[in-house]
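Next up, some structures in structure tokens.
First chain A sits with chain B, and in the next complex the same chain sits with chain C.
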Partner chain A sequence: MNTIVCVKQVLDPEIPPAKFKIDPEAKQVIPPAGVPPVISVYDERAVEAACRLKDKHKGKITVISMGSAKAADVIKHAISMGADDGFVLQDPAFENLDSFGTAYVLSKAIQKIGGYDLILCGRQAADWGAGQVGSILAEILGLPVVTLACAIEAVDKKLKVKRMVSDGYEVLEAPMPSLVTVSSEIGLPRLPGGMGLMMARKKQIPIWKAKDIGAEPSQLDKAKAHTEVTGLSVPTRKTECEIIAGGTPGEAAANLALKISKLI
Partner chain B sequence: MDTHKGVLVVGEITEGKLAPITIELLGAGRKLANELGEELSILLMGSKAGGLGQEGIAYGADHVYVAEDTLLDQYNSEAYTQVAAELCRKALPSIMLLGYTDVGCDLAPRLNGRLGGGLAMDCLALSVDPATKLLVSTRPVFGGNAQATIVSKVARPQMATVRLKTMPPAERNDSRQGKVIPVEGKIDPSALKVKVVERIKEETEGVKLEDAEVVVSGGRGIGSAQNWGMIKELALALGGAVGATRPACDEGWASVSLQIGQSGKVVSPKLYIAVALSGAMSHISGHLGSKYIVAINKDKDANIFSVAHFGIVGDYKEIVPALTAKLKELKSK
Partner chain C sequence: MSPVSATYWSIPGYVIFWVLFAVAFGLFLQRFYLLYRLMRLGKQENRFDQIGQRIKNMLVEVVPQWCTLKTVTRKDLAGLAHALLFWSFSLFFISYIIFIGLAGGFGLSSLIERTPFETVYFSILDIAAVLVTLTLILAAVRRYIIRPPRLEPTAEAGIILIMVFSLMALHVLGVGFDHAARGVHASWPPLGAALAGFLSGTGISQGTLEAGYRWVWWLHYLVILSFMVYIPRSKHLHILASLVNAFFKPLGPKVALEPIPLEALEAPEGSATFGASKIQDFTWKDLLDFYACAECGRCHVNCPAQLTGKSLSPREVIHHLKEHLLETGPGLLANKTDASPGSQAEAPGKTMIGDVVTEEEIWACTTCGACQEVCPVNIEHIRKIIDLRRNLVMAQSKMPESAQLMLRNMQQRGHPWAGVQSMRLRGDWTSDLELKILAEGDNADTLFWVGCTGALVERNVKATLSMTRVLKAGGVDFAVLGDAETCCGDPARRAGYEFQFQMMAEQNIELFKSYNIKEIITTCPHCYNTIKHEYPRYGGDFKVVHYTELIADLISQGKLKLTNELNSKLTYHDPCYLGRYNSVYSEPRRILQAIPRAKLEEMERSRDTGFCCGGGGGLMWIEEQPGTTKINQMRIEDVIKTGVDTVVAACPYCLQMFEDAIDHKGIKESLKARDLVELVEAAMKQF
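Let's turn to the complex of A and B:
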């Protein structure tokens, strides 16, 4: 079973808020010095889902990432987890694309790779979190789509997908190929093994430009963008925290209990 | 873009009634429509949707489009996409609103992919730019560290999914007038490639996290599964629900369905008690809508104190049991 996983390299979402700085003019985040970018959390779970299917059914996992040349790092991370191959999609024309542009570029790379049974994406990116690239990609490729997956199995050449809903879950049966977006409920990603790390170190990650995948410049025209970010700001929060004191921790707790009982 | 006019809400029906998010969307949609001087419509799908036509009008819709088909009784991604896309192509709304719910999270991006519109997910505010008359959608980005405004200059419809409980619900007025319009056209069952095999309702013990008036959350600082019991007891004493940070879920102390924050649930209870958690932005973005936030942490510089209304600096192992005991005592009086 052959799977293609789309991953994104993002600013580490676990940085302390004090390190988070933006450039409101450029509407961009200023990456803090000394904090390496990471694979987006849901995308890492998508790689994990692909590895679980490969553990059971063999096959090949190909990982693609649109971004800077440094995105090779997140592909190597996926390879260390168990992926086989990967490509970075990097071109000045790919910078600052909206969700449609991103989905278009991914679709061209996927068509070039071909021979897939399943395409996996994270449910949304951990940075801009637009939450729509997977579904638009499925529409471009004409594939069925299942979103918010918390488990994926392959049974009799069909996909059995558990999808999270607010009061439980649904079990869906999808044909192959389909596109599935993965939620964090799928479970923790595996830690890279020694073998995987060695594979990742040795692997050359080719870079594909717009012309390598046949991406039409007219489809990447920012003047035709479907959405535009017109402002970026850090919300100011002014909350005065009243520290509840007491002679002992127990006393402070009792004082807090009195406060709380008046609030609810 | 004069070809597209009006605001269309895609409604959700739960247990035979308009879902709370749908009434909130009608409230938000009515405001936008009034500012534009245009009409507000709603699409209702399901074999008994017609019965809710008057409800839609009472809550502010000028037109209620009703698609009655048993294939629409439960959410089916492709069937809903087909019906909503077809209506959009005929009615040509300028703005389309959906809930940021498990239906909206699936339907909105797919519909957008099919229609070629411009979509902003998880919006906290919507307005009309007075100069351009474009929809301006405000949404959290970077795990809540920042907020972005999104605009679609040329793509139509301008679409947004709206977070629950962020916009005031529409007020009911039974004397309002409007039109119920059946949506013609059959769903093509051969296009329904994904089959819904079953739907499992999971019973939560105690109060459901999203509905709870009080949420008590623990973080990595709790330190062990055994100590996690203190969080549960405090929640129980307050008649509230238990929540957790991502690290606490990763440790296996709490079920991943209790995770609050960027990669988990968003809650807005009356009272949120954060215990032994530092307040990473990716977590607090999930509970900033709470009316009161209480922090218990041994580090006085922890970020959680910057968003809390009340706090105690100290070891939670000494504070939480005493707090639980005192609350029980106060309740028994």
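Let's turn to the complex of A and C:
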């Protein structure tokens, strides 16, 4: 069973709010110094899902990441977890693409790799959180898509996917190949073992440019982007505290209920 | 005339003597050879350097009995009895060679018997026999009546006590019958002579006395031979193995871990081993440790995990691994092709991790080193436990979730603090201080290595700030790495994630070298121990100083003057990695004594007997295993007993552990936990 996993390198979500700076003019986040970027948490879970399938059914895991040359680090991280191969998609033409542009670039790389039974993405990126690339990618590749998976099984050449819904989960069956986006409910990603760390250490990660994957410049034209960032701001949080009075705890509770009912 | 020169059932006594000896010695060698071959199942390890020093260690520990006497100061008088038994029995052992071997077996009795030498030696043996008998009685009373927790009243122990007593009794009986049969009326050796007087008085015929002498002699000889056969088959193997183990004991740092060479992983997939999952994954020295164990249980009663009700007992770990080796080893040897050192062959039956040593036991160890400190026979418990962790973490990917979170953070973020605590970035603490933060191309002789906890955790950052102000006041020229500093690797290494440690060590060493750093000051004893003792293996030779050593030095040179009165009663807690691991005991105390009106009270468990705070070995992050209480809560009781108002720590983990325990007990008003450097700053003349 051959799987391709798309991963993204993001700012460490654990950086403290005080260190998080943006440039409202350029509508960009200013990366803080001294904090290395990490693999997007949902994408790491997609790698974990791929590894679990490989543990059971053998096969090959290929990881791709569109981003800077530093994205080789997240590919290596995936290899240390159990992936076999990986490529970084880096080209000035790929910078600041929207979800549609990103999905297009990924689709070209996936077509170049070929021979896949399953494509996995994280449910959304841990930075922008649009959650669209997976579905658009499936559309481009003409594949069925299941989003928000919390468990994936391969049974009789078909995929059995548990999908998170607001009050539980549903179980879906999908043919192979399909595209599945993975949610965090799948569980904690594994710690890379000794063998994995060594594999990652030895591995050279090739960089593919636009021409390597045959990406059409017309498709990468930012002027044709479907989405546009119109503004960027850090949300401000305001906390106000009000003590709800009442003669007895019962009265206080009633007053509280009254207050809440007015706010809703 | 020695009874050997007589003839029995027309067989010459000499023939009987040597046939019996050959059988017993054969049985001894057979067992010995098996144990040797089992030991060779282990992996290679070089312990043959500095032979002279090793011989010296062996003699210094064993002959004056330092091995067991060292714990006498801990109100453990068993060492005295052991020393008496050892010296007395050594005299008996020599007497067997002279009076049984040479005089009997080699027919030299005419040269030895009835000489003044014999009289003097036997007189000494009489005294020794009395001492031995007394110690045997004490030993029996302890084992079977008092039953202290460290001793198991095993049958093996009883057999040996009876055997040794028989040897004493048969010796005295022999002398008595001999003298009585020959009509010797002497007053030396006292016991033998008195017995002879008694036997003569009973009117037993000379012939019976002579026959009695012969039978006592042969019986004595048989017991000596059975002793020889029994020893390598029982826990009393330690008599021989501990001697060898003293020879092979580590010559460098007291607690050392063996690195897994990174090159070993270039091996084809599947053939590399990570840590120990099978008995043959340990080194031969580890297996020798099992033989050396006398099950004395000193480790058992000093282990903080055991004392707080966890399932871990260092004694049981060693004992169970020894049993596992003896059970599975012969099968591995029989299947010779698989029995190469470190081979993949799985011994049938029990799995080592799970059945022999449980995961719960493996994760309960704080690596505090109390077990190794008290062990009379130089067993290295900790590295075995780390080897088991290495296998769980790197080969099986099985570990407590808290361990996994910490290790993932080490891997991705270069420090062990995840979540809320890491909200303070490494560089943050340096703001508003005029510090020399190293940047590319800079050079510095002295580096202040802050350490993750000192840079990231709010409480510990306070101590770090005090530290920089004290260093400046003392006129120390130092630089820091700012946000380029990562973890030293200690938590990864103790949790069994060896490769992560090695990568961090290599990176850090490269970084230090790029700034031409010569000397490194640390506040954390774990960083101190790692950089000082573990980095040299990877080419990092730096002078490493703990801040307690440095400040003590600055005070004695008059560069730091502690003039402010503190008016406080305090106690000092020895961090394991500073005290036991590195023997830094006096410097912190000297500093505290230099503070005006600070009264230092010692806890009962202090210096080398110091009790862990619970935070070592990665357990600062890994959830404590289920037990009856937490280790830090037990330790805070020690503090409370001294009646002080401040407990002083010289380690960021200890400081946090104490604050937790104080919070938990709700005694914040009466007891404070302070870092030593914070007190130094408070006592310093303000500039």
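In the analysis below, the second predicted complex is superposed on the first by the 238 of 264 C-alpha atoms of A that agree within 3 Å, B and C clash if a C-alpha of one lies under 4 Å from a C-alpha of the other, contacts with A are read in each partner's own complex, and residues count from 1 in each chain.
To be clear about the criterion, contacts are C-beta pairs under 8 Å (C-beta built on N, C-alpha and C of every residue); 3 or more make two chains touch, one makes a residue touch a chain.
In this text, all values refer to a predicted model and were calculated from it rather than measured experimentally.
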Practice prompt. Classify the contacts of A:C241 with the two partner chains as first (chain B alone), second (chain C alone), both, or neither.
Written response: first
Once the shared chain is lined up, is A:A174 touching chain B (first), chain C (second), both, or neither of them? first
Winner on chain A touched-residue count between chain B and chain C: chain B
Inset, instruction - Have a look at where A:V145 lands relative to chain B and chain C in the superposition and call it first, second, both or neither. - result: first
Notebook entry, point to check: In the superposed arrangement, which partner chain does A:M164 touch: chain B (first), chain C (second), both, or neither?
Noted result: first
Now for A:T230: first (chain B), second (chain C), both, or neither, which partner does it touch?
first
With the two structures laid over each other on chain A, which partner does A:L188 touch: chain B (first), chain C (second), both, or neither? both
Report task. Once the structures are superposed on A, label A:E14 by its partner contacts, choosing first (chain B), second (chain C), both or neither. Result -> both
Margin query: Taking the superposition on A as described, I'd like to know which of chain B and chain C A:Q204 touches: first, second, both or neither.
Written below: neither
Intersected contact list for chain A, partners chain B and chain C 14, 16, 188
Within the complex, chain B is touched by chain A residues 11, 13-14, 16-18, 20, 22, 27, 29, 41-42, 98-100, 103, 123-124, 126-132, 134-140, 144-148, 160, 163-175, 178, 184-185, 187-188, 224-235, 237, 239-244, 249-250, 252-254, 256-261, 263-264
The residues of chain B that touch chain A in their complex are 77-78, 101-102, 105-106, 108-110, 112-114, 116-122, 136, 140-143, 145-155, 193-202, 208, 210, 213-214, 238, 246, 250, 256-257, 259, 262-264, 270-271, 273, 280-282, 288, 291-295, 303, 305-315, 318-320, 322-323, 326-327, 330-331
Per the touch rule above, chain C residues touching chain A in the complex are 260, 262, 265-266, 269, 272, 274, 393-395, 397, 399, 401, 404-405, 407-408, 411-414, 418-419, 422-427, 482-484, 497-500, 503
Per the touch rule, the chain A residues reaching chain C in their complex are 12, 14-16, 19, 32-36, 38-39, 77, 188-195, 197-198, 202
